[in-house]
Amino acid sequence: MIDKRVKNLADAVAGIKDGATVLCGGFGGAGSPEALYAALLEQGARDLVVVNNNAGTGRTGLAGLMAAGRVRKIICSYPRSSGSVVFEELYKEGKIELELVPQGILSERMRCAAAGLGGFLSPVGIGTQLAEGKEEREIDGRRYVLEKPLRGDVALVKADRGDRWGNLSYNKSARNFNPTMAQAAALAIAQVRRFVELGEIDPEQVITPGIFIDRLVEVPG
Amino acid sequence: MIDKRVKNLADAVAGIKDGATVLCGGFGGAGSPEALYAALLEQGARDLVVVNNNAGTGRTGLAGLMAAGRVRKIICSYPRSSGSVVFEELYKEGKIELELVPQGILSERMRCAAAGLGGFLSPVGIGTQLAEGKEEREIDGRRYVLEKPLRGDVALVKADRGDRWGNLSYNKSARNFNPTMAQAAALAIAQVRRFVELGEIDPEQVITPGIFIDRLVEVPG
Amino acid sequence: MPLNRKQIAWRAAQDLADGVYVNLGIGLPTMVADVLPEGREIVLQSENGVLGVGPAPGANEIDLDLVNAGKQPVTLVTGGSYVHHTDSFLMIRGHHLDLALLGAFEVAENGDLANWTTGDPKFPPGVGGAMDLAVGAKEIRVLVEHTTRGGTPRLRRRCGYPLTAAGVVRRIYTDLAVVDVTAEGFLVREMVEDIDFAALQAKTEAELRKAPDLKVLEAPPF
Amino acid sequence: MPLNRKQIAWRAAQDLADGVYVNLGIGLPTMVADVLPEGREIVLQSENGVLGVGPAPGANEIDLDLVNAGKQPVTLVTGGSYVHHTDSFLMIRGHHLDLALLGAFEVAENGDLANWTTGDPKFPPGVGGAMDLAVGAKEIRVLVEHTTRGGTPRLRRRCGYPLTAAGVVRRIYTDLAVVDVTAEGFLVREMVEDIDFAALQAKTEAELRKAPDLKVLEAPPF
């Protein structure tokens, strides 16, 4: 019998190793697995590479991990937002590395890894600083940069409903990066609002099929 | 007001030009827009390049287009199936070109076009006849071939429900190639079983958002 | 009188045809959502996977799972739908959007766009979806104040700030004018009534040409 | 007695652990679906976007919109779901499936697989999803009759037919034996009772080695 549900947050994040690349879902508060971030802080893994659209706000969640010195590097599209104080301090002090990736390319690079591909040719950033140092080529008169897959050791995602097979559905724009991150990591861990019976999510409406999920934990709210 | 619904099949396929590359949805009978194939035969465009997983069966539908000499070339993964008699005859007589593409690469190449990318590095076919003549490269010790985007001038797809904006839902495995083909063509035409009111398809369950669809026609069954 | 920000947004909104699919950049372009012309169905896309962004919700209708690219609560219009980020950017990068309305630091007369970083080493740069949008939408228009607060022109011969994308901007809406980017450089289509062409030129680094049918730029009071 | 086809499928099915995700190739491997071990949840994937393929439907339950990769009507198990073709092959190519059970024309002692074309110029070749599966699943096992009807061995030193993928096969189930592909070549794990090792070798082109704990290959009568 397949049952990927775990009892608590500690079990959910057990075994995440120092140095892991962690794909962190959510866009702002929507779809952000805050309970998993708190659990990862508790768990203690350090020297992490974090992938998220932003670089945390306030002093909890992703920012909490950074404030505790657990994050070596962040790969994101937009580190500065109102409230990204922890990141900005660390950045000024040279205590955190930043890899800046255009938002769609961030997502596409993770999909590339998920799909077992070796890279893709992107028109984004051509002629800009973000293309510097990247291999470039022209095809049919248009210039592209070669972008590489971005794979996670772990993905932390948030969904609305989840069943024991790991099938997930999301709510509205809380979908965002979560489905792709779940596909792109060796260990995909989901925080769901509500466990439901197998079959309760309409097969047409499963957005993340269980094959991509390794563990799920119920966290209301 | 956006209303992409057309009154009949002739209007649906109007303007398809000789020489067009036509992405043809369906996998076997499931999701196959048979009424659009018949309408295209009636419409008269010739010298077509057809993209489908197979090469038609029987003497109607895609096979009907081939039998009438309208198809110059077929790009598919599996031309031989029980009943692919028309294609086999034309192939033996050298009257049709065949480009054979592995099934997942066929779909991925269309997605690549849809996503505005210039190509991707694929591990599929390395060391086989199907990689011959393709640019190859090694990344992190693994070999890949460079695959190019496959764009359609037209896509003919079949869906279950459709609204006036062109939002589509599918039924079970009739989804198959249809959503990707709808994204990858300049003119995407959908045959739907049933027109529904705007908003009747749950926003979480729209599989093809209307932005990808140009025309839709109602064909029960 | 120069237009205020809402008036710039209003003017840009007038050019949106019935049935277009549009992405609105963060900041000034987002205000376009509030001044869309009546009687047209204009479908707004947001990078985070919302197609059919509706007006801001009432205080009691806020759902924090439904936000726009600026992370503000929004609603979904009837006919709207959700996709994940990767599919959203497929839509953006694959020329499926008719239009993106973006903000800018600078626009050059060759259509170059600079809107992601001033290059100030004290601050970490942020690009967001700007580069994807700039190369991906079928057409790019910019909404921007004609000069900085300090009076430095934003319409330039060449961009001084790092580029977002080269040669992509087709039209610019400012508080003073509507300017097209043409093969021959900037072409003024409309300008506000109480400024003369020389004065407009003085606030613009690159050379301006006057459209033969130059019109008055005006907007209702907001 | 050599196993019949259903028995070969049964033997392969015994090795499927509870909870594995498996793609079954067209032909002999498809028969595995009918002989899955009781009490295990084994999730079958089909290339055309079905995850959780169930048994064939009753005559009155056929839905032509729900078919497998061989285009036969199937059902969906509780917990199953649908994706489109591109996502289905993301699943296949991205090492998300634990296993693919495939048919073959030939398998070589280095794990090379030939299962898509005999190279006969009279017939158009067809590849389907074979190449994607062969490089994409975490592990590849093959179900095949030990020799052709004419007696030609299918387990070979090197494949004579055009390759599907190089070095991917890990285990082979035949009517006569279960054979692992190891760094040292073919290793016989099990063989049917009424054949001796020399006779098995005679039906195999490449050299066979005998596992220290060689077992009897047997299956219930079907």
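Read from first to last, the chains carry the letters A, B, C and D; within each, the first residue is number 1.
The rule we apply is simple: contacts are C-beta pairs under 8 Å (C-beta built on N, C-alpha and C of every residue); 3 or more make two chains touch, one makes a residue touch a chain.
Source: prediction; values computed, not measured.
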For this session: Supply the minimal count of touching-chain steps required to go from subunit C to subunit D.
Result: 2
Problem set entry | Partition of the remaining chains by touching, absent subunit B | one piece
Seminar exercise, completed: Ranking B-C and A-C by C-beta pairs in contact puts on top A-C
Problem set entry | Rounded Å distance, subunit A centre to subunit D centre (Cα mean) | 35
Exercise. Just curious, how far off is subunit C from subunit A if you go by their C-alpha centres, in Å?
Worked result: 29
Exercise. Could you state the distance in Å from the CA-based centre of subunit A to that of subunit B?
Worked result: 33
Exercise. Which subunit B residues reach two or more other chains?
Worked result: 108, 111, 115-117, 123, 170, 172, 203-204, 207
Exercise. What parts of subunit C, by residue number, touch at least two of the other chains?
Worked result: 76, 82-83, 89, 93, 135-136
Problem set entry | Chain contact topology (line, ring, star, complete or other) | other
Exercise. Got a list of which chains touch which?
Worked result: A-B, A-C, A-D, B-C, B-D
For this session: Using the touch rule from the top, collect the residues of subunit B that touch subunit D in their complex.
Result: 27-31, 55, 77-81, 87-88, 91-92, 98, 100-105, 107-108, 110-111, 123-130, 170-180, 207
Seminar exercise, completed: Interface with subunit B, subunit A side, in the complex: residues 108, 112, 115-123, 137, 139, 142, 144, 148, 169-170, 172, 202-205, 207
Seminar exercise, completed: Within the complex, subunit B is touched by subunit D residues 46-50, 63-67, 71, 76, 82-86, 88-89, 92-93, 117, 122-132, 135-136, 162-166
Problem set entry | Touch list for subunit B against partner subunit C, complex | 1-2, 111, 113-117, 163-165, 167, 183, 198-199, 201, 203-204, 206, 209-212
For this session: Please give the residue numbers of subunit D that touch subunit A in the complex, ascending.
Result: 18-19, 21, 41, 43, 45, 51-52, 76, 78-83, 89-91, 93-97, 135-136
